[in-house]
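Input: a single structure, listed below in structure tokens.
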């Protein structure tokens, strides 16, 4: 593809015919979503460290440079603030940048550009300079990686005015939520649960209606307690629900998906049914997004709640080295204990 | 600088236009300080003494294809680029952070209060021109103090690697609030940094508007023709306080100021116009009184601008507002507007 | 003071004789605290933008360079990541750095050093490289300043493992909490409510026991509802309490002081008495520290709470320009509405 | 470089010691890749080919007064500085991020996984020496890729302004994962950047250990004597993958590698020792078998190291742990340790 063919950002190509659903890993689903975005949106550009020739350290951008050219899929120098600051300028020039930060922990050097520029340019310019940027961040822990490769930044991002934040839990969700995010005129932080990259699932590529991409999703219905999770923790909660079912406890698993805006209605609807809630996340407890979820649920379901919302989370410690990560990340036992606490809670 | 053909010398009408713009900038700048003292605006960052650097560089921008990325002190650039001055001053009246002009249409990005915040934007925008096959040039403003920020370095490196059509225009006005350039810029020169990125650079007398225009034109010509980025370091002097809440007496004496400031760039251009016959005394007087009238008009219109309605707090956060934000706006309306 | 007199970081001079309590502004109290820290702790150094000759844009470091020399109180180049990264190295060399970030919004460029280095070096080095850094951040809004000069970053900081976070509400608190923070072997983010810099109050300089510096503080006792606040919002809540008293409502105002660790016991003790709570902060609502406070209170006082904890906060919008800041910052009306809601709440 | 008196040439015993260290580094590095393939450690970032740059620079450090700030790839520096190799390799066994050696006592900062994360620390530590009246020198390691980070620029500027006794030691190994230096470093040379900060710099053949030692000694002499910071760019080559999870075949061919890598620095020193008579074949063999034995010993001890107890997650967060954290530790003990 020559450089001048992307001269008119904003034009939109036709979506390819929806193919039959197929088994893909999340990494493949994301790769497919990026390819479909690049194919249909001439203003889309992918940039970041090693996203070109290498195809990304997780191969999520594999083959894209070959297919769409080095103008639209390009490696940048090793500087995250640079990548995000440059994305702001590209957006001002009419492009739809899809930057990648290589690992969660390396979003920190770009926080200034994310908070003060990406989150505010639309506001500062009174809507004349929108920021249609989808920032992909391989996130969360669980892969025995070096320091700073297992962080959960959702609480930080969700607190920032002007951003939207989403995290998929399955290949199907990954494909559709990325396509949805990339079509937005607002900045979206797209948190990819890296420990789930290689898990397969069925993916249908026909676009689902916007409604299908919004709000939370009941991943498993149940009536005794609502387990609220996102990203990699959804799969773990489903395991927990399976185990709890053996004891006759019917756990509803709510895949939150959008971390900003939070689906207050979806949360309330579920908890009104189950009257008990446990929120699970990998990030440290204090000032984590679990606090916001708990507050929101309590505000809306104070009368129905039979126990305070439990939080089963990472501890208030730096994300530990691989050998200790199973001690850090909420495990099945700890989640079961949390469920037990809300079920056994009796007003004193 | 590379061997690009030198642009033609400035014509007498151009020189007179530059004087008009500089005089108008000076008048509005001086007036704004007075307005702050009178309580009409809460604060202001005067560009006093930087008229030649600002007007001279802004004068070169082609509004059909280029784009400028200012800091919080670019009144003269805005003036030279024809930005609506009332909308521009609105930021200093604390009406709206980015100002009330239309940045997209003005080709002048919103006022930027983060030091070095927009330098990378300029590089991204410039690379966008390359990708789109356009010939626009990004003009990035920053100060000697800002040169210390990591973002500036990342921007220069990105620009160098991508050969992006960007002109970095550094106003070295001797000070970053209370810190003089010699304790800010190791090595003493921002221009000298450029070579390390394979970027051509030029130091120019930032108080000589003709020199500034010529250097900026050369830089634009190079960037526009695919020659890659250029850095200009315009040596000038911040004659006023950092802002209206600053007290320069704490860190420099009036004598320092007299010694270091050099000739007033406005006065210098006036002398040059007279000397070369490009203008006469009557022209200068007329330009100055037009400038004063202009400032007065801005004052009147600015005074007439009421506060923005509170609902705008919510309206411009997103292109697609969230339900949560709409609820907050509704609650705000009930509790604060009592409707 | 010559450079070599600070050759032995760790030595501690004697505290000056406590003077009689006197009226000082918070800016003066902080200045005095810094002077006393520099006088008693030879390892202490003050660094930042314009902290030297100018004495800081808020004059908090006024006169310190003259008194303690340009080696111990020095201007840095204009780079916040540089200031904080350099502070890490100074701490590794045995110093006790007291860096200043000029305004809240300019802490963002330093987030990487704050989160990944200052917060983790003690952990990474298994306690061999402690980070006794007190980072002073003029914080919060209310002074009609330009963009990025009115931010509230406590939720971000409180979420970061390895940090402690504190914010004073009065000159007396400012003096003592700063001295306490600076004597800690751990990093403390010290959030100064800039809109309160010029308010006077009585300051006693004799050190109060560590207990006096820990936990929260009942700023005004009351029995009908607990108003929880920190920084500049404490004074506003006291005003609200005064007004509410006219209507016979006795509001307890809890000055939280420490934002990490949070005083869970102090919060619970108060709410157990009042059975109703409203938390007030300037930061945006979503994922703000109010969520953590609400969750904590609810977890501990679920049975006694008569209404869900109310949050009266800034909105999920960028901190607005001066003309709109009174619409953004929780005002007396909005806090009164919050109180009314918890008082009138009836189980449905 | 400035006119400091050149340090005396390396003696034959020193050269032999360098060979021993490089051989030991090579053996351990190669072994670690094998351990990863066998599943004994989850990952490793080999320094294969950078032995001369690493050992040569680390060799110069005076552990009584200097301090080194490594990245995640400084095995050879650690080896030359006498850091406990089992404690060092513990980071790659995922036992503890920073490693299990004592960084304060080793004068070798904890393993640093943020690219460019520690460069500013080195400047701060170095300035601390000035403030304390000590004559220690900070040795800061970073790569060609890291040079793009804003922190590196801020560090160079701070060091220049403060004349801090720091030596920036850049290993330009041609690659930052898949990105070659020419698309990373605008202008092509990190050393060339230094001039812009008034910092002297030197490019050195990073595969020639003698050249590395000499350049590093000159740099230390200058920094130690108050001459300010120095930057050394050691030109070398990353002969292996970026890490054990990398696949270089995706971005460079074996032929590229053969062409660009040049002579193996270990082999090169061996030839030099033989040529100059500083050592004979028997010595080389002995050094290599000592190195192999050394690596084997590290393997045994590393294998014997069990996981750290989970309670350490909580114990090292603060010097003064908070009540909240103690409660979390207690809850963890009950729920995960079942005690």
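For reference, chains read A, B, C and D in written order, and residue numbers begin at 1 within each chain.
As a working rule, a residue touches a chain if its C-beta (ideal position, glycine included) is under 8 Å from a C-beta of that chain, and two chains touch if they have at least 3 such contacts.
In this text, all values refer to a predicted model and were calculated from it rather than measured experimentally.
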Field: Remotest chain, chain C as reference, centres from CA atoms
entry: D
Message: Looking at chain pairs C-D and B-C, which one is connected by more C-beta pairs in contact?
response: C-D
- line: Whole-Å distance, C-alpha centre of chain C to that of chain D, is 39
Query: Quick one: chain B and chain D, Cα centre-to-centre, how many Å?
result: 44
Query: How many angstrom between the C-alpha centroids of chain C and chain B?
result: 35
Message: Taking the mean of the C-alpha atoms as each chain's centre, how many Å separate chain A from chain C?
response: 32
- request: Could you tell me which residues belong to chain C and also touch two or more other chains?
  value: 77, 79, 81-82, 105, 109, 112, 116, 123-124, 147-148, 161-162, 260-262, 286, 316-318
Message: If a residue has to touch 2 or more other chains to count, which residues of chain D qualify?
response: 96-98, 114, 148-151, 154, 157-158, 161, 183-186, 312, 317, 322, 324-325
- request: Can you check the complex and tell me which residues of chain A touch chain B?
  value: 3-4, 6-9, 45, 71-72, 76-77, 79, 81-82, 84-95, 97, 112-113, 116-117, 121-130, 161-162, 164, 184-186, 260-262, 264
- prompt: Considering the complex alone, what residue numbers of chain C touch chain B?
  reply: 49-50, 52-55, 57, 75, 77-79, 81-82, 105-106, 109, 144-149, 285-286, 315-318, 320-324, 327-328, 331, 333-334, 337
Field: Residues of chain B touching chain D in the complex
entry: 148-154, 156-161, 183-189, 192-199
Statement: chain D residues touching chain C in their complex are 67, 96-98, 100, 102-105, 109-110, 114, 117-134, 138, 150-151, 154-155, 157-158, 161, 312, 315-320, 322-325
Task: Write out the stretch or stretches of chain A touching chain C in their complex.
output: 81, 105, 108-109, 111-112, 115-116, 119-120, 123-124, 147-148, 155-156, 158-159, 161-162, 260-262, 283-284, 286-292, 294-296, 298-299, 302-303, 307-309, 311, 316-318, 345, 347-348
